[in-house]
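In what follows, chain A forms one complex with chain B and a second complex with chain C.
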Partner chain A sequence: MNALPRPSTIFLAAITTLVAVLLYSPLFVPIVSSFFTISHGDVDWSSPTLSTYRALAENHDILTALRTTLIVGLCTVVLSVVSGTLLALYYHGRRSGRSILQFIIFLPFLMPPIISGLALLIFFREIGLERSLLTVVIGHTVFVLAIVYRTVLMRLQSMSRTLVEASYDLGATGWQTFWRIILPNLSSAMVGAAILAFALSFDETMITILVTGTQSTLPVRLWAMMRLGFSPDINALVALILMFTVLLCVLAARFLIPRQMATERS
Partner chain B sequence: MNQNPDLLTLRSVSKSYGTVAVLHDIDLSIRDGEFLTVLGPSGSGKTTVLRLIGGLEPLTTGDIRLDGQDISRMPINKRPFNTVFQDYALFPHMTVSGNVGYGLSVRHVQRKEIARRVAEALELVQLGRFADRFPAQLSGGQRQRVALARALICRPRLILLDEPLAALDLELRRQMQEFLKSIQREIKTTFLFVTHDQEEAIGMADRICVMQAGHIRQLGTPHELYYKPNCEFVARFFGENNLVAGKLGPVQGEQRPIETALGRLICSITDQPHLKAAPEGASAFAAFRPEALHLADATDGDNRFSGIIADLAFAGSSTVATIKAGADNAAQRLRLRTPSRIGGSALRSGETVALSFAPHEGHLVLA
Partner chain C sequence: MSAVVTTQLAERRSSLLVTVLAFAAPVIFVLVPLAIFLVYSFFSVDQGTIVYAPTLGNYVRFFTDPIFLPVFWNTIVLCVSVAVICILLAYPAAYFLTTLRGRWRYALLMLLLVPLLMSYVIKIYAIRSILGLNGFLNKALVAIGILQQPSTLFVFNMNAILLTLSLLLIPFAILPIFLSLERIPQTLLRASDDLGASGLQTFLRITLPLSLPGVASAASFVFVLAIGDFLTPQMVGGTSGFTFGRILYSQFGTAYNWPFGAALSVALAIVVICAILIGERFGRSRGTSV
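And then the complex of A and B:
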């Protein structure tokens, strides 16, 4: 770092600051403006107020959409964490078929969501499954499974093989080893994966629009509101979602970077 | 020691991974109550022996008998053996007492009894104060002792130790060697200790089993291995040694001469019938320890030869001279170890000297 001459360090710092401001300041605009009213299409900066939040709280469409989002998120979390963990356990240490499975799991995550969404839509139509919250949950699970699988598998791989051997060596059965050694060592990875899965499900829009029935989740609702014009409670909503997402990310990071392991390595 | 019955017997045990054989027809008996060290360079198959006994890997052929009963197919969690792993394998999410008590709790021993025995085991390894700590909060030596307490709490017939001291620094390793030995004496349990460090092996073992390339080369007390190695590998691997190649001469009672580049060297063959039986002219080595080699004086009749001191190295309590001997004082490198003296060594670098070793301190190994 210090190897660079001073003028170039200053130059680099200036560029970095500029890029950061340009890229990230738009994020703060809705937060700040959510505390002000809008009249005639302009933000009235003179009097800070919580009226936009009050308007949001009285908007039943939004509250219903929020409830739907939470239900979908929780169902997705349960489904994806259970199946992702089982898949990771099954394929850990198994060579045959693993790369094919990984490819399939990662496909929906990497493909453009509109393709995944269309594929699911066609599939649901073919098997005669009505579009509903169930199809949304299935769509989200397919989408986030890759994250859960990868997170749990990585924790499994970083777990010393001798832990399991030691458990058997001390007389434990396979079942005891699973519940008392493997699962506790995976739990923080599973919680972290669950938070990430929830966050992904929370703001998934494209697939949801395609496979949902009559009910809309929060992002879909937001999308609909945007088409009707810029309303002040959108600012409040964006601000809340932003804070909520940051909170989730901080939580996920806490669970996914185990402090214990860090000290053990040193 | 000889009266002790065999606890565990391996009979023509071999192990292959696919087409790669890592153990060839091993026969080994472990006596009840002994401290047996399996010593060998990496890749010699020593850890495989331990894993086969522990049940961590299945045998390819042969059988393992405990008190005469075949246990080759007994699952790992039913074998009355416990292992101290090289990386300790402590459960990171359990406290020290949780770790130590695990073997009892999976067998549904009553809580009170577990608490009592955990306290007892931690007392034995001097970790009573650390019962509620997590493994990450312990030092290497402390983790090592937790692993030991966890292995011995189930009162196994045999404790298997897989290079448990490899990760510790030298001073701690010495302390742990003494500590392990004293624990072994106290609980009177058989220890099977795997290591690549021959000093560690000499210091701790009742008997040592030297392995190389999937074969057992020699099994004996440290003294036997040091003074009567039965092959070139053991002679070279186990402690520092001088080996001089030559052809065997005729047997002369308990001694036998060998014709070498240093002339005729006479070596002892006491209690080594295979050396008595070897044909005349067979290729062999004369082997003598650096501390057996000394400057010759008038009384040394046999095994005299001359050499040039190429290098002198002060090593604390002893001084080691590297000597070139044989044709043109160049063909053969030898080492001579002599106790250090404050006044400095009588040896001078570059000097040509007459050297000798007593016939009873020389031995022969077949090439």
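And then the complex of A and C:
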């Protein structure tokens, strides 16, 4: 692929730049407005201000919603990574029942969230479970489980069997092999799956709107606020979240990719 | 001897228990809700309460009422268009990524995926302000000279939904295409090069066919995400941009007819399943025939 002639490389780079611009333009608007005032589509560049950030620090409504979102996200990550990894380990190398189970796990991820959300809504009502953060966590876990399961299973399948066999040959027990060979090899896949699960949970809006009770997560809160228009401090929140996610991605890239490349080379 | 048999029995029993556990949670939280949902589509509503007597009325209404089928069809066309736009933009970008080396490749991939982490609601709101009458798109088009004056062509109608959904869903197309491109063995490309193929020939006869499974899954992914979305149409569609998702959602809100909503969901689910199956079949047969 390195033998590409120059014009096609330029064309590809141009499209990629266009895509990046398209993807980032919706983020650019709120970030600019977090520092400058915008009226009638014109940015007033003359007077940068941090007042939106000060206002955000006093917006308890939003901060509570943010905390709720983080709690839901962490619970979802723990639940989905543990159960997804267990399921992947259980069904790795086992044929019977695997395709049926995979089909079931993948259903909520493949189905539109409105269907999964409504099915859960009716289910919770039928079993008499009050709508709360618990139902939101269940909804999110059901939604992201497929991603975790698949990521871990793919890593398991790409893992060389000789590693496990060598471990047994050297006299290790099943548990030793699991802790010292299988789990370390899975760890980067599990971290990746956890990041993905958290990201999906953090942003999940459609299922959450349907199954949430009185406590709303950030997206649901924003959705409710959007009808009236956003106050300027929301822009500050968006800017902060973006900075945080970029930082997280840079860190993840720093920690995960060199190791990945090292395993590819060997 | 009998001790061995007992431990074997105990082992078999515990492995049976593990199997049941491995199945139980997914069945309870996925299959049971969907089954109940399906059953609901055969119920009806009488003056605000659900009547638990089986009827086909909801399905008859869906097929005979002049409102639902056209909206259903228009929504499918809309979402196919979204998938096409996303792939046309995502494929070159994903291909460009695979030409990069090492850390840059993944750094840029992440850069293109980061917008996914941003609040969906905020993005819809920002895109709406970009597409609006005073928005950036109108300003740019007027500045270039394509438009004489700002137009409302891009907001509160079907165009707005098309553009907004495409913008939101591009990353979902990039990832599967990138993964399928990355999986193509470099030796194949080198062999093609050694045998005297040009860059374009190698692309058309090796890379493109081998990446079609990725394209197919990207297409079905984007289509499914687009057709299930009820927030975007609600926010940018105005009164003329009416999609199936909106009608479906309204059955659980203002219209308050859960059983009919369940029947509409079944129709939606059938389209989604077809989309996934078509995507998978197409991608796989082309991918293996090479």
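Here is the rule we use: the second predicted complex is superposed on the first by the 211 of 266 C-alpha atoms of A that agree within 3 Å, B and C clash if a C-alpha of one lies under 4 Å from a C-alpha of the other, contacts with A are read in each partner's own complex, and residues count from 1 in each chain.
Assume a contact is a pair of C-beta atoms (placed from the backbone, for glycine too) under 8 Å apart; a residue touches a chain by one contact, two chains touch by 3 or more.
No experiment lies behind these values; they were computed from the predicted model shown.
Student: Check whether A:T173 is in contact with chain B, with chain C, with both or with neither, and answer first, second, both or neither.
Tutor: first
Student: For A:E130, is the partner it touches chain B (first), chain C (second), both, or none of the two (neither)?
Tutor: Neither partner.
Student: According to the contact criterion defined above, which of chain B and chain C contacts more residues of chain A?
Tutor: Answer, by number of touched residues of chain A: C.
Student: On the A-aligned overlay, A:L12 touches which partner chain: chain B = first, chain C = second, or both, or neither?
Tutor: second
Student: Per the definitions at the top, what is the overlap between the chain A residues touching chain B and those touching chain C?
Tutor: Common to the two interfaces on chain A: residues 261.
Student: Show which residues of chain B lie in contact with chain A when the two form their complex.
Tutor: It is residues 54-56, 75-78, 81-83, 85-87, 89, 91-93, 102-103, 106-107, 134-136, 150, 154 of chain B that touch chain A.
Student: Quick one: which bits of chain A touch chain C in the complex? Just the residue numbers, please.
Tutor: 1-5, 8-9, 11-13, 15-16, 18-20, 22-27, 29-30, 40-41, 83, 86-87, 90-91, 97, 101, 104-105, 107-108, 110-116, 118-123, 126, 138, 141-142, 145, 199, 202-203, 205-206, 209-210, 218-219, 222-223, 226, 230, 234, 238, 241-242, 245-246, 249, 252-253, 257-258, 261
Student: Please give the residue numbers of chain A that touch chain B in the complex, ascending.
Tutor: Residues 160, 162-163, 165-173, 176, 180-181, 184-185, 260-261, 263-264 of chain A touch chain B in their complex.
Student: In the complex, go through chain C and note every residue touching chain A.
Tutor: Residues of chain C touching chain A: 18-19, 22-23, 25-27, 29-34, 36-37, 40, 89-90, 92-93, 95-99, 102-103, 106-108, 110-112, 114-127, 129-130, 134-136, 139, 167, 170-171, 174, 186, 189, 193, 199, 207, 224-225, 227-231, 235, 245, 248-249, 252, 258, 261-262, 265, 268-269, 272, 276.
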